[in-house]
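In what comes next, subunit A is part of two complexes: it sits with subunit B in the first one and with subunit C in the second one.
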Partner chain A sequence: MNRRKLVSRIVFSVCAALLGVAFALPLIWFVFAPFNAQADLDLALPKPPTLANFARVFANGAAVGALLNSLLQAFGTVLLVATTATLAAYALARTTLRGKRVIEYVLLLFSSVVSGSAAMVPIFLIVNALGLIDTQLAVILVFAGGLLPTAMFILRDFIASIPRGYEESALVAGASQWRAFVDVVVPVLRPGVTIAAVWAFVQVWGGFLIPFVLLRSEQRMPASVEIYSFYSQAGTPIVPLLAAYSVLYSLPVIALYWYVNRKYGFRFFGGIKS
Partner chain B sequence: MSSRGAKVSSRTGVAFMTPAALLIGLFVVFPFFWIIAVSFSNRSLLGANALHPQFVGLKNYLDLFDPATFWGQGGFGPSLWLTIQFVVFSALCGQVLLGLVLAWISRELSPRAKSLLHGIVMLAWILPDVVVGFAWFAYLDRDAGTLNQLLRGLNFPAADFLIEHPFLTICMFNAWRGAAFSMMLFDAALQSIPPSYLETADVVGASSWQKLRDIVLPLIRGHIVTDLILITMWTFNVFTPFLLTAGGPSFESDILPIYTYRIAFKSFEFGKGAAIGVIVMLINLAFSLAYLRLAQRGLRKKGKAA
Partner chain C sequence: MASIQLDKIGKSFGAVDTIREIDLAIDDGEFVCLLGPSGCGKTTTLRMIAGLEQPSRGSIRIGGRDVTCAQPKDRNIGMVFQDYALYPHMTIADNIAYPLKVRGVAEATRHEKAREIAEVLHIGQLLDRLPAQISGGQQQRTSLARALVHPAAAFLFDEPLSNLDARMRVEARAFLHHLQRSRGMTAVYVTHDQAEAMALSTRIAVMCAGDIVQYAPPLEIYRRPATTFVAGFVGDPPMNLVAAQATRNGHDVALRGAGLQMAPIVSWPALDLALERSDRVTVGVRPEHLRITAGDVATNRLHGKLFANEAMGPESLVTLDLDGGVRVTARIFGDASLRIESDAAFAFDADRFTLFDAQGVRIPGAAEDPSN
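And now, the complex of A and B:
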């Protein structure tokens, strides 16, 4: 019995190690290459390790500009999504509005049916009709529309867990509905807004298809698209720079996930990632 | 609900919902209807049809299903068939099974080993598309890539995977990329199983496999179905393999999202691209209706139990 348990323990550990290695393998290269000025596609220990690649990336105006564009687009979307989703989710959770259930059902349905890859034609045409092709505003608006339903469901679950007495006492004390919302609900809701905002930020930060289809000029491209400027004319990658740039570009996402995971733990809000 | 005294009037409710409704209306709901309209026109990017597209009825759909070209190179048929195989192999066999195995295995690990394993798997899931795209490009390189170095070290023949096995490659890639979601979902599901069930099985001397088959799988059946539907829907719409193979070579990894992109934004046949989009959305609709029905049945059950 004991022996069998030991054997099964060993089998499990070996399987876990093999799976872990299999999952890590495609990324191991990223541990070394960014710090190797002569990095190529092979796994090689940098000798000596250097930050020269990062210095070259920072010296490249287009690359830095692209990271700033990513920041602008991500923050713009997050701001828009966080404010409008909080308002709407509050309304959904607390009104007596008839047809609320229908709105929720339709919202859920549309948000899962209309995917970026299926709807890219009409989205391109709408943005074109609005005269917003090749503007960062277009990227922000389109992302915001797409991310809003999920953000609303995340926030609605948080609002539902706030006791109604909180707002009622504020209203009894003579506060307007708006004040009760801003002064009572919003502060309590901070964890929910943080999680929805981080989720939205990561979606925009990594998003490729929407800016790829909606933007034209290089100076407006986010990092996800502009990363291709590290390819030579012939289409071969300039490996050391790409490696360093990829790491820089990935850091915010890793940091944000790590932060949320540590602070709030990983849970399934609305069960939806993208 | 109303009996508990909701404190937001309908008017305030509508006002609060308006900004979100405008954005969702314009960029989610409206595209859904417009894509249907565009799919019945000969709209293109340039030329006369860009400004004054004409109604062409079912022409775009008939073109897609035209028996003469349906199964041709780069046609709709092979792309659809490839997408179905892609979903079955990379999502159902790949992500869901891998996620289940990972969640099951990590139960027996020490907390530190578990969070290390989960961290690695999560990393594959959270990194931006273009970064994992490039990581795999380097990983699979014919001469220097980590995978081929490893294969040579083990005395296996090296291969140019992106050229020689493009479909296998995007399947492996998608399984690797998305397994984390299933792992986390099943991990949460396994934690909801009362430990006494499994302890009892231990006392009787059940093997790990017997416990999984006879106790765990029946208990988490609901989670498995939810996972299957969500994963299927996401894989069906995933564009990321474009960054690895761009659908090639010679259309061997031409899954539907890439096919749509190629028709709409390489050939600029918006009408035809929209028609494919409508078909994709209809398939999405079937999956979401199934998902919503299951979710509601789950809620009702929960409500009864409470």
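And now, the complex of A and C:
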């Protein structure tokens, strides 16, 4: 190795290390603070480590209930999005529908431009007119509506990468269209559906505005809203409790990623061996 | 097993007629190949028989029953796809048993049947594997087993051997031949490989640009190709075609072309008829009917410069560039020691050529019944 190469190598390593530390600090805080009864925003080793923060969080019934609400909303939305997006994407990918291009364009427009906070007022009015304000169903429906177009796009590309021969060989083998879809397309598509489902789960899990606007009673609020109960009236965070609750709040997402990665690996292609 | 009838079948995609109008009658127990270059509509025709493509016009009957509008599942067919289309998430046993599964056969029974047919096809030891874990040849046989596991009315093959290497292909071809003849099953087989069509078929339908050009037994197609297209497609190497001009002299006809000398021939009614329309004809000679001549033969000869001399082992393929720019090939049994670019000539017997008219349609020979 010549001098120049060595120097550039050292400079690169130092820069990368500094960047790494910058990103690692909050994570290290996140590991230590929940176990520190006197945690504040500084990085400090807990002396001694304690579970007292968790005990206080679990004593707060609303906070624990909020985690269950989050799970209900996330799983409800994922189920709805995964089912409907798979069927819709299959139709989009496999049919020669007249005006298909226009539908796809409109979907793209609505998924990326129109949804989000800009649509909050009309969404509120619609949900109000339906009499669904302060219901979990409203949260699930509105989340699903917002996530569907993108989920359909993800799945449409997965389906397009599945050779038609699979379905056709099932059809000539004696299967109906629906049977061929269930027996052959769905299993082959599973990695794609999983990716769309994980993505939808994370969106709902972290979503604040929709439940905040559509729900009224505290016992229906998800964790993303309820986490603000660990702020004082003046708006300053109660750091030890906030840290402990954040860990609990993150665990389901981490577990989900771990499970999916172990089962499928995050391969962003159709998962078909030719 | 059943017969298949296509009656005035046509298929259009938008304004394009992929299939213009096809009539095809396949008898019970026949092995019919649809042979033609890519884009000639042979695969579309097969997919219409399978029900994967809806014909724009005409009707299809399988076993006498009109299935023109029937779903694929209601046609009772077995089909082998070019890429095999094995379900990647199912084991070989489940793949083979799938046609039985959709018909509601119990798991134990269908796995027993799958095992039986797998043994016949020598893949019995692979039943627990996944498609990605077996070789191309084994995948091909799995796909064949899946088509055969259920007693279908007809079997459809879409270029099933084209993804195999050359040696495997010849082996699989002989196996298919044996299987079809011994079971007497009705089969429709799509291929662009004329050797496969010759080896397997009881009849070949040669297709070109959405039409069936000729439908006849393989040797009939080989000996009496209906058009210059068929002549130039069937045979390896195919028939040599040389353009010629006819001059009448009473009953005699003299044929002359660039690089071609022929003895005058005595005309017959079919030739008379053709020459009334045009004096341009095409002379066709099979490569195996040509022999190298030292130049002492004055007529029925082709002469030019040697282009290539390929020794294949039992035979040599000798190719000449005729004076007119056309290339002709002879199959010479034995060695031919000729130098590239040297002058050379082929001779052929007076009864070993075929004449085509100006439209490329074969002119029946003098001895043939013209009504045939």
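As a working rule, the second predicted complex is superposed on the first by the 244 of 274 C-alpha atoms of A that agree within 3 Å, B and C clash if a C-alpha of one lies under 4 Å from a C-alpha of the other, contacts with A are read in each partner's own complex, and residues count from 1 in each chain.
Here is the rule we use: contacts are C-beta pairs under 8 Å (C-beta built on N, C-alpha and C of every residue); 3 or more make two chains touch, one makes a residue touch a chain.
Quantities reported herein were computed from a predicted structural model and do not represent experimental measurements.
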item: Superposition on subunit A - do subunit B and subunit C clash or fit; value: fit
item: Partner chain in contact with A:166 - subunit B first, subunit C second, else both or neither; value: second
item: A:79 touches, of subunit B and subunit C: first, second, both or neither?; value: neither
item: Partner chain in contact with A:71 - subunit B first, subunit C second, else both or neither; value: neither
item: Touched partner set for A:175, first subunit B, second subunit C, both or neither; value: second
item: Which of subunit B and subunit C A:187 touches, first, second, both or neither; value: second
item: First, second, both or neither for A:119, with subunit B first and subunit C second; value: first
item: Chain touching more of subunit A, residue-wise (subunit B, subunit C); value: B
item: Which superposed partner A:238 touches (first subunit B, second subunit C, both, neither); value: neither
item: Subunit B versus subunit C - smallest C-alpha distance in the overlay, whole Å; value: 6
item: Intersection of subunit A interface sets (partners subunit B, subunit C); value: 168, 171, 272-274
item: Interface residues, subunit C side, partner subunit A - complex; value: 50-52, 71-73, 75-79, 81, 83, 85-89, 98-99, 102-103, 131-132, 143, 146, 150, 156
item: List of subunit B residues in touch with subunit A within their complex; value: 1-2, 4-10, 12-14, 16-17, 19-21, 23-24, 26-32, 34-35, 38, 43, 98, 101-102, 105-106, 108-109, 113, 116-117, 120-124, 126-132, 134-139, 141, 143-147, 149-150, 176, 179, 181, 184-185, 188, 205, 207-208, 226, 230, 233-234, 237-240, 243, 256-257, 260-261, 264-265, 270, 273-274, 276-278, 280-281, 284-285, 287-289, 291-292
item: For the subunit A and subunit C complex, residues of the former touching the latter; value: 163, 165-166, 168-176, 179, 183-184, 187-188, 272-274
item: Parts of subunit A lying in touch with subunit B, wherever the complex brings them together; value: 1, 8-9, 12-13, 15-16, 19-20, 23-30, 33, 40-43, 80, 83-85, 87-88, 90-92, 94-98, 105, 107-126, 141-142, 144-146, 148-149, 152, 164, 167-168, 171, 177-178, 180, 202, 205-209, 213, 223-225, 227, 237, 239, 242, 246, 249-250, 253-254, 257, 266-268, 271-274
